[in-house]
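The chains carry the letters A, B, C and D, assigned in the order they are written, with residues numbered from 1 in each.
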Amino acid sequence: MTQPTKVRSLAEAVRLISDGDVVAFGGHTARRHPMAAVREIVRQGKRRLHVAGWNNGIDMDLLIGGGCVATVETSYIGIGSLGLARNYRRAAEAGAIRIIEHSETTAMDRFRAASMGLPLLPTKTGLGTDLPRYNPHLKPFTDPFTGETWLAVEAIRPDVAIIHAHTADEKGNVQLDPQRWHDNSPDAMIARSAKTVIVTVEQIVSEDAVMARPIDTILPRSDVTCVAEAPYGAHPCCCDARYDYDMEHLRRYYEATATVEGFADWLAEFVTGLEDHLAYLDKIGARSLMGISMKRTVRP
Amino acid sequence: MRSGISKIVPLEAALSAVEDGMSLTAGGFAHSHQPMAMTRALIRRGVRRLTLMGVAECWVAEFLAAAGAVEKAYFSNFMFEGFGRCRRFVEGVETGRIATEDHSHFGMICRLQAAGLGLPFMPLRAMTATDIVEVAGFEDITQKSRFIASPFGNGRVTAVSPLKPDVAIIHAARADAAGNVQLFGATSVIEEQARAASTVIVSVEEIVEADVIPRQPELTILPALLVDAVVHLPFGAHPTGVFGYYEHDAAYLGEYYAASRRQDSTDAFFRRWIHDQADHWSYLDALLVSRLLALRVDPALGTIMTGQRHV
Amino acid sequence: MSTRDYSLAELLTVCVARELEDGGQGFIGLGTGGRAFIMAVGVPSVAAELARRYRGIDFITQYGCTFEPDLKKTPSNFADPYLLAWPSKAQVRVEECLEYFRRGRMTVGFTSGAQIDARGNLNTVCIGPHEKPKVRLVGPIAQSDHCTYAKYTYVLMTQDRRTFVPKLDFRSALGHGDAPGDRKRLGVAGGGPRKVFTDLAIWEFDDDGFMRVESLHPAVTMEAVTASVGFPVRFAEQLVETPAPNPEELRLIRNEIDPDGLFLEARIA
Amino acid sequence: MSEISRDEFMAVAAAREFRDGDVAFIGTGLPMVAAYLAKATHAPRVKLVFESGIIDAAPRELASGVGDYRLAYGSPKIAGMSYALSLLQGGRIDIGFLGTAEIDRFGNLNSTVIGPYRQPRVRLPGSGGANDIASMAGRFVVICRLDRRHFVEKLSYLTTPGFLSGPRAREAAALPGSGPSRVITDLAVLGFDPETKMMRVEELYPGVTLEQVHERSGFALGVADDIAEALAPTDRQLHLLRHVIDPDGRYVVAANV
């Protein structure tokens, strides 16, 4: 039997998302969020999504500003060191979105439980706080052995998870570079929790390349629905040792989001007015992309 | 202690070392690691009357010849693998605008080696008894080579005289600010060229932190002591490739090769890709980033990943 | 106050350094800038190193996933790509780094908040009602984890009527709850907030879990503290002036630990 | 498909020139195909050195030239041109392969100019490594189409030494290699008379007559006493050529079906 190719265009991959889906996103803070996919989601005009992550930023802020989001579930949304996420803030302060509050570990436990095939995980985090009031997935229960009170974190089963990684082969085996930050294993938990798993990668590589270092495979192909090549696919977020943040672009985004009109213009210029991710890269241009690049060679 | 002096300079500043009438040698061979961004910048600036001391830097020679910047060429072979003759270069020779002095590859390398090693000549076992050493180009034939007997009585060799280029321009993989330069893959004649030249200008794909180079010092092709200036020019070899980064742009080479049939279409090509571009970045943007990224090589194959063949 | 030859950051650093326990482990979060950086990252970092050098204690600092980094090679930028290259003893997986809290290994969590109440409960979620807040903030991040599991929490924040409030708009992290014994009743393992370090004073908690002023910084009056706080202020019976750094502590901070002001002058981007 | 093309005859004839264990200096094109064919059949211990400095690569697919990064795959040593040519001068290379624009009866080659040297009628690419290989490799094989444009009475320019002016001329010039051993063409395989060092016909491809061969040479060719019909490629050789080594017919075109 030949193994099916899992390579899809980014647009094809994003078409797997339906309006109203629970969609989980990899990456954290301003780092390796699947931004090319985020922009494609906005381009395709997805609506009423329940977006989930464990620590987020411009990814969710852009989706909220793009009108794609009904519910947000995470522990944090900010624009790196620049400050508060302004689309998020506007939507929250207008009561336009529902926010499910998490601390980092409870947000992760939602995915962790699902990735382990468990209905829940116990935690003490959140006891005595307002979190359970604003999070239906945290419920007190009694430890049957000790009688102590715990919070149960309910497993989440997203319709779709999207993560951005360094490389994958055509069969869908996903790898990170050996040089990386803390290997970001929550991404693998997020992927394994979901029904449909979309992985965008910097580069589709040969099976030889994957087999040369199997220890760096974070998701074997059985965990993956499809892979889409998206070089600089985390831009303007950073992507481990490959490229840095594009601070100039983040700042421009941050300033644009000061007003609804400013953001609309930004969206037209950088997302909806561009055909696809490659057109976006052409627009960002060589000077910026080469300027943030930290390691372009495939050699060690 | 680490030197605080950086050799990283802007492109134009680095190329100020190349003056009209100078002799120039360039790295690379076939469709690999030729210093094309520097060549384009020289052409944009209107450099004139260069003497090439070339081995296999066919694209540099062709572009400079097409721009009318070459007066003389010491060289061993300029041709485009998979395409054919370098048309603007050969036309220059056939019309008498470019004077030539032929060598075998090794003969050319030996002349650069003689200069690099500070020797009055270098012996070799090639070129002997052929027109390469019999037929004069622009050089006094007796000053080019001699067939001599070894003073030790153990044979006869051809001795060639040194050739010392004023400037070597080289494109490599990466360098640190101090000027230590690394290159992956085949190294063409870069070491001999750099040792021979009075001034060495290197453009690189990536500038790396000082601690990167000592991790694999065996990859260092030029230590800082041989390098005068470093220019950061990602995709600076385009349309040729850089091993470990990107392959040559076959479509672009083909487009040039078609244009090079005539001088006017060559001029139009240069207008679009050289003279109308303010700098290297606008050149890359005119090509489109997406086109460049499509040239990236696979980590294991070392080439663009096309359909995999399992034999 | 004008005659002091040390900064507020140095004063707080020395005080925090005196608190740290031998054999402890402290978690320092990253990702803030400017003044907040000095309080959240700068002071704890230098304090831990000062405690090691001046008091000779063994204390492990953990910056997110990074364990015991080489402060001499601190990057001038805390963006991830630079943190990645920071020489350190370990970089553990990111979800594992928080499990040091859950396993009860973390002695100290250094934390902060947009609001704190008299029992040390914290808010980083919103100002105003959650359904339609006046200001939406970043979210709990890992603060609830710190305050649940760490043996102690040290809170470092600026003190004023906006931040020291009688009632939180949202309780994102548990301090000493609503009544004495709340933490115990909930079975929460950590000890909760132990000290609050501000620009005016150092606060401790009494047996009932109420915050009280332990010491006033030089030239700060009781009235000034009372005026800057939105709840009735308790003062310790033996209220003292916050003890000043001694010359040796200042020398270590300025010449050896933070000579470039990366931490205490927020010169890290 | 079973009809055998001239290219296939040439590839097989070139492959036969390898002796097992040879260290071979290989350029672009047919010699590359012949080398891999030889390695896959009778000469598995052949080692390849490419002018670009790549040593003994094991490419997964046929390279488009010695500069093609495909050629680096599996190579245990990648150096530079100077290194590869030094091996030649050091006497490490047993066999080399050359193409040419002109060849004369002594196997001397021209790849420099047609017409006078200064302001020539046609400027060719230049020697490159050809002179080095012909001077210093143990022996060399020329691959060239047999016609009067290529096989000339007198070269415009002697770029690359065959037997120069005839017997003992290479010795007089102190050239270390023994000179050309074979000329493989599209009609016949040629060699050199051991005494006179002049070119002669040694094998004819099936259906080719001696007259045709003489007709297409610009100089008089000798004929070997034991002239024979060239050996046809075996089924295995054809399979390797058509399906494994050069499936796209880049250098070796199979016969039209």
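The working rule: a contact is a pair of C-beta atoms (placed from the backbone, for glycine too) under 8 Å apart; a residue touches a chain by one contact, two chains touch by 3 or more.
Source: prediction; values computed, not measured.
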Pair joined by the larger number of C-beta contacts - A-B, A-C: A-C
Chain at maximum distance from chain C, centres defined as averaged CA atoms: D
Whole-Å gap between the CA centroids of chain A and chain B: 45
Distance from chain C to chain A - Cα centre to Cα centre, in angstrom: 30
Geometric centre distance via CA averages, chain D-chain A, whole Å: 58
Centre distance in Å when chain C and chain D are each reduced to the mean of their C-alpha atoms: 78
Topology of the chain contact graph, where touching chains are joined (line, ring, star, complete, other): line
Complete list of chain pairs which touch one another: A-B, A-C, B-D
Contacting residues of chain B [partner chain D, same complex]: 29-32, 55-56, 75-79, 81-82, 85-86, 89-90, 93-96, 99-100, 102-107, 109, 113, 124-132, 134-137, 147, 155-157, 185-192, 241, 243, 247, 297, 301-303, 309, 311
Contacting residues of chain C [partner chain A, same complex]: 31-33, 64-65, 79-81, 83-84, 91-95, 97-98, 101-102, 121, 125-126, 128, 130-145, 148-149, 170-174, 177, 182-183, 185-189, 269
Contact set on chain A toward chain B in their complex: 167, 203-209, 212, 231-232, 278-279, 281-282, 284-287, 289-290, 293, 295-300
Residues of chain B defined as touching chain A within the complex: 173-174, 184, 205-206, 216, 234-235, 244-245, 281, 284-285, 288-290, 292-293, 296-302, 305, 308
Of all residues in chain A, those that touch chain C in their complex: 28-31, 55, 74-78, 80-81, 84-85, 88-89, 92-95, 99, 101-106, 108, 112, 123-131, 134, 148-150, 179-186, 189, 238, 240-241, 243-245, 294
